[in-house]
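Shared between the two complexes below is chain A, which has chain B as its partner in the first and chain C in the second.
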Partner chain A sequence: MTALLLDVVTTAAILFAVASGLLLVFGVMKIINFAHGGLITLGGYAALITTQLGLNPWFGIPMAALFGAVAGTLIERVVVRPLYARPLDAILATWGLGIIIGQTIVLVFGREVQFAAAPLGGTIDLLGESYSLYRIVMVPIAILLGLGIALLLNGTRLGLATRAVIMNEDLARGLGIDSTWVRFVTFALGSALAAVAGALITPLSSVDPNMGVPWLVNAFMLVLVSGTSLASLAAACLVLGGAQVIVSSLYSPVLGGITIALLAAIILRTRPQGFARG
Partner chain B sequence: MAERPILLAAGMAALAIAAFAGATQILDTYSMNVLVRSLLYAMVALTVDILWGYLGILTFGQSTFFGIGAYAAGLVFMHVGFSPGTAVLALAAGIAIAVLVAAVVAWLAFWHGASELYASVITLVLPIVATQVIFSGGTWTGSSSGLSGFETFDLSIEAWFVLAGSLLAVATAAAWVVMASDAGRLIVAIRENEQRCKYLGIGTARLKSIAFLVSAALAAVAGYVFAGYAAVVAPELVGFVFGTELVIWVALGGRGTLLGPVIGTVLVDYESAQLSGDYPFVWKLIIGLVFVAVIVALPRGFLPILGDGLKRLGRWVGLGGKTTARTATLVTAARRTVATASDGPAIRIRGVAKHFGSLPVLRGIDFEARAGELVSLVGPNGAGKTTLMRCIADGSERSGGTIEIGGVSIGRLPPERCVALGIGRKFQMANVFDSLTVAECLQIARTRIDRPSLVRRSTELALPGPAARVVATTGLDQRLATPARLLSHGQKQALELAMVLALEPKVLLLDEPTAGLSKAERMLIGGILTDLATQERLCILLVEHDLDFVREISSRVVVLHQGRLVLDGTVEEVVGSETVKQIYAGAGHHGAPAEAAR
Partner chain C sequence: MTPALHIDAISAGYGEAVVLREIALTVAPGEILAVLGKNGTGKSTLLKSIMGYLPKLAGRIAIGGADVTREAPHRIARRGVAYVAQEKSLFQDLSVEENIRLALASDRDWPKARAAVERSFPFLLERIRQRAGTLSGGEQKMLLMARSLAADPKLLLVDEITEGLQPSVIERLGGVLRAERGRSAAGILLVEQHIPFALAVADRFVVMDRGEIVDAGAAGAPGAAAEIARHLSL
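== the complex of A and B ==
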C-alpha cells in the first residue's frame, strides 16, 4: 500500500516535470509543440554525453537545459514563428521536427539502447518501505520546477508580460508588449524544460532515439486537460498518473500505458475545461 | 439541369486501370511487389485527404482502420482457415468493426462545441489504444510480432498489382465525383465556417461522422487487401507512426487535391523501399526536413505548385485560354406550401434566464411576437440583447425558461435543429463563406431545403422570393461568380441576409444588420425588412442601436436593461417613456438617449 502510494506520488512528479514545458508553450502560444518528444530525447542524450565524458551525472541537467534552449531557439525562429496563425499545421511541423531530431540522433549516436549514469542510486527507508531514492528525489525536483516557473511568471517583469500575452495577446501588443519576444523566450524555456525532463528520466529508463515519444502523448493529454494552469496540471498529474499506477499494478501494464490518454479523452468529452477551475 | 462528371470519372478510372494492366508488362516483379503496398497505402492516404484536406479534420487514426481490415483478414485466415466463405466473412467483419470503431470515435470527436484540436486528439488516442489492444491479445493476435504464415488468396503478383491499382483508381474517381458535386461544395463550406453551416440548418457533426465512417470503411478494405497480399500483419499497421506518415504523404502531395496525396504516397513509399535499404536514416531525415519545409512554406503541397507552373507554361506558349468558372444561374424557387400557422404567436418566450456562473445576464424575459410583426430589441450595451438572440437560436444556451417557435418548444436543440423549426439567425458580424462565390454561399444556404446531390453539381440557384429580392436590389445578382471575401462590407451583410432568407424562416433574428452600413444601404435594408414583415408575414426580431432606424421600421419595441425586460410597447409608448429616458440618461449613455427621447 505504501509502495503504491509512493509510486503514485513519484509518477505524478515525473509526469509534471515532463509536461510543464509543454504547458508553458501551450499556455502562451496556444500551439502544441509535438517536438517536445524529440526535445526530451535530446535531454536524454545530453545526460548520456555527460556520462561518456565522465562528468558528475548532476551536470547532465544544466547540459540538457542548454541543449534544449539552443534547439528551441532555432525551432522558434525558423519553423514555429510562421505558423502562429495555423495551429494545426504547427502540430504537424513540430512533429516533423521531432522526426528530424530523432533521425539526427540516430545518425550521430546509433539506434541502440544506451544507459546514462544516475546521479543518485540506492534506496531509502520511508514509512517502513524501502524505496528508490532517485524516484523520491523527483518529488522535490518537480516541486522546485513548478515553483520556479510560478515565480518566473508571477515575480518578474517578463512573467507579467507573459501572463498578459496569455490572457489577451492583442491587448498586450497594443500596450507595447513585444509579444514576439515573449513567445520566443517562452518557447526556448519550454524546450529547455523538455530537455531537462529528458535528462531527469534517463536513470529510470534507457536512452534511445525514440524515448521521448511515449512521454509526448501522455504530456500532451495532461496539458489538454489542464488548460493553462500549473496547479491544475499538478492535479491532473496526480489523478491521471495515479490512475495509471493503479491500473498498471492491479490489472496490466499494457492497460496502464493507455490509461492517461483514455481518461483524458473522456474527461475532455464530458467536461471540456478539464481540470481548470476546480 | 445538372452536369454529370460521373461519366468522365468512370472513363478516367477505366483508363487508369488499363494503364495498370499495361504496366504489368513493363515493370519487374520487385517493383510490382513494392508498388502493390504503395497503391494500397495511397488509398488510405486518399481517405486522410478527404477528412483533412477537404473537411478540415486532422486525423492521425486512419492507420487503425487500415489495421482493422488487415487484422480481420489475418485473424480469420489464421484461426478459422482460408476459404471463399471465410474470405467474404473476414472482409465483412473488417468493414463492420472499422465502421463500429469509427462510430465510437465520431461520437467522441464530433459534437456541438467540440474544437478542431479535440477531434485530432481523439484520432491520436485511437491508434495508441488500438496498438495496446493488439499487444494484450497474446498469441491470438500475435502480440508485438503480429501474425504470419496464414493461407491467403492464390493470385499472381500481376493480379495483385492490377487489383490494388483498380481499387485505388475507382476510389479516387469516386472521391473526385463527390468533391465536384453539391455535396463536395458543402464539405468545403463546413471546413471554412462550421458555425455558419450549423446556423443554416446543416447538421455538421452528423455529416462529419458520415464522412468519417465512409473513410474508415475504405481504409479497412485497403487493409484487408494488404493482408491478403502480404500474408503478414503487424501491430505497426494500426499504429500512430503509420498514422502520422499518412498525414505526411498527404501534406507533401497536396492536401485538398485528390491526385496529390495519391501520387505523393506512391512516390514516397516506393522510394522509401528503394532507398531505405541503403540509407535508412538519412532517407527518413530527408522526409522529415522536406515535410517541415512544405508545412511552413508550401502548405498546399507540391501538386498545386506543379499545376500552377503548368498553367503558366501553357499560357506562355499560348495554349489553353482562360478557364471560365461556371456559376449557377438564378431561378425562383417554387413556393413551398407551408401549413398555415395557427393564430398563436410565431415566437413565445417564457421566463428565459441566462447566467454565466453566478453572473446573471438575462432574468425572467417574457414576450411574444406574431407573424408580420417587426419587433426591435433595444437597450444600452450589456443589456443582454445579443445573449437573448443566442438563446433563441441555440437551445443549449439558456439557463432557464422556455422558448416556443410556432408552438413547438426548442428544448435543448442544437442550432441546426432550431433552424428546422423556422429560426433564421443573422450574425452581428457578416458571417459568410469567404472562399466560396456568392452563388455558392446561397446554394449552401439552400442545403436544408434542396438536398445536395452526391454526384452532380447543380447549375441552378433556386431562391425563394424574399431572398431573391435582397439579391436583386443590392446588386448581388451581378456578382454571383465573385468570391464572398471580395465583397464590400455592405454587400457581405446583404449576402448573409439573403442566405438566412433562403432558409425560408418563420422567425428572423437580425443582430445589428445595418452596423457599419452607409445611410443609403441602411434605407434599402430597412425597406426590405418592412416588406418582409408586412408582405411575407415573417416575424422579425431586430437588435439595433440606431434608434432612428428602429423608429422608422418597427411595429413594436422591447426594451432590455441589465438583463431584464423593462418595457414592451409601440414605438410611441417607448419613445415617450420616462423609464427609457432614465435608463439611457442614468446609464450615462452617449448620444443615443437624446435621440430616443426626442
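== the complex of A and C ==
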C-alpha cells in the first residue's frame, strides 16, 4: 500500500516535469509542440553523453538544458515563427520535426538501447518501505521546477509580459510588449524543460531514439485537461498519473499505459475545461 | 513644430473590404482632435490602423515626424503612443498595478507612473493589488485612462471612452484629459459619439462617414454641435 502511494506521488512528479514545458509553450503560443517528444529524447542523449564522457551524472541536467534551449531556439526561428498565422500548420511542422530529431539521433548514436548512469542509486527507508531513492528525489525536483516557473512568471518583468501575452496578445502588443520575443524565449525555455525532463527520466528508463514518444502522448493529454495553469497541471498529474499507477499494478501495465489518454478523453468529453477552474 | 500625428491619405481595411478611404489629418502636440461619426463609419478602424494592427493599402502615417506606416504595434507603442481600445482593453485577471506596469518600458519608471496616477485618479493607489476585473465599469475606464497616461505619452488614441458611463465619471475623464493636455505636450485623438463631451474637451473636430472625412471645424465654433448632429442623423 505504501509502495503504491509512493509510486503515485513519484509518477505524478515525473509527469509534471515532462509536461511543464509543453504547458508553457501551449499557454503562450496556443500550439502543442509535438517536437516535445524529440526534445525529451535529446535530453536523454545529453545524459548519455555525460556518462560517456565520464562526467558526474548530475551534470547531465544542465547539459540537457543547454541542448534543449539551443534546439528550441533554432526550431522557433526556422520553423515555428514563419507559421504564426497558421497554427495548425505549425503543429504539423513540429510533428515532422519530432521525427527529424529522432532520425538524426539514430544517425549519430545508432538504433540500439543504451543506458545513462544514474546520479543517485540505492534505496531509502520511508514509511516502513524500502524505496528507490532516485524516484523519491524526483518529487522535490518537480516541486522546484514548478516553483521556478511560477516565480519566473509571477515575479519578473518578463513573466508579467508573458502572462499578458497568454491573456490577450493584441492588447499586450499595443502596450509595447514584443510578443515575438516573448514567444521565442518561451519556446526556448519550454524546449530546455523538455530536455531536462528527458535527462531526469533516463535512470528510470533506457535511452533510445523513441524514448520520448510515450511521454509526449501522456504530456499532451495532461496539458489538454489542464489548460494553461501550473496548479491544474499538478492536480492532473496526481489524479491521472495516480490512476495509471493503480491500473498498472492492480490490472495490467498495458492497460496502465493507455489510462491517462483514456481518462483525459473522458474528462474532456464531460468537462471541457478539464482541471482548469471556471 | 513637428506634428504629434500626421496621416497622409491612408486607405486601409480588412482583406478585400476597404474601410478607410484616403483619410488625412494632423494632430499638433498639445492638441485634442475629436473624431465623430456614426457606428461603422471607420473610426475604430482608423485608430487600429494608426497603431499598426492593420496593413495599409495606401498612404503614410508619421508619429512625431517618424514614418510608422509599416511598423508593428509594439514598436509604435514604444514611440510613446498610448492606445485605449473600446473593448477588452484591460487584463481582467491582473491587478491594477500590473495593468499599469505593463504600459511602462521598464519597472524603473514605476515611481513616475505612480505619481501620474496620484495626479489623475488617486483612488486607484488604494486598490493597487485588486484585480482589474473586480472594479466597476466606470473604475475600469478610469484605470484605462490612468494606464494610458502613466507612461507620459506623446500621442494618445482614445476610442469611445464615455460609452455607457455616468455623467459624473464622464466629467471626471474630461477633466483629466484637459489637465493632461495642459501639463504635457501630448497630442490626443479622441474618437467619440458623445458630442457634448467631445466638443467640451477637444480643440478641433472631424466628422467621418463611410470611411471618409466629410466635415471638419473648430470645437468652439458656434453651431458646431448642430452641424455635427446633422451629419450623425443623416
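Worth pointing out:
The definition used in the following text is that the second predicted complex is superposed on the first by the 277 of 278 C-alpha atoms of A that agree within 3 Å, B and C clash if a C-alpha of one lies under 4 Å from a C-alpha of the other, contacts with A are read in each partner's own complex, and residues count from 1 in each chain.
Following the convention adopted for this analysis, a residue touches a chain if its C-beta (ideal position, glycine included) is under 8 Å from a C-beta of that chain, and two chains touch if they have at least 3 such contacts.
Keep in mind that what you see is a predicted model, and the values were worked out from it rather than measured.
In the superposed model, A:79 lies in contact with chain B only, and not with chain C.
Judged by the touch definition given at the top, the superposed model places A:91 against chain B, while chain C stays out of reach.
Number of chain A residues touched is higher for B, counting chain B against chain C.
After overlaying the two complexes on the shared chain, residue contacts for A:252 are found with chain B alone; chain C is out of touch. Using the contact criterion defined above for the overlaid structures, shared-chain residue A:172 touches chain C, although it does not reach chain B.
Of the two partner chains placed around the shared chain by superposition, chain C is the only one that A:157 touches, whereas chain B remains out of contact.
Residue overlap on chain A between its contacts with chain B in one complex and with chain C in the other: absent. Partner chain C is touched in their complex by these residues of chain A: 157, 160-161, 163-164, 167-168, 170-179. Those residues of chain C that touch chain A in the complex are listed here as 51, 53, 72-74, 77-78, 83, 85, 88-89, 91-94, 98, 101-103, 105-107, 151.
Contact residues on chain B toward chain A in their complex (touch as defined above): 58, 108, 111, 113-118, 120-122, 124-125, 128-129, 132, 135-136, 240, 244, 247-248, 251, 281-282, 284-285, 287-289, 291-292, 295-297, 299.
For chain A in complex with chain B, the touching residues are 32, 78-79, 82-83, 86-89, 91-93, 95-97, 99-100, 103-104, 106-107, 217, 220-221, 224, 252, 254-255, 257-258, 261-262, 264-265, 268-269, 272.
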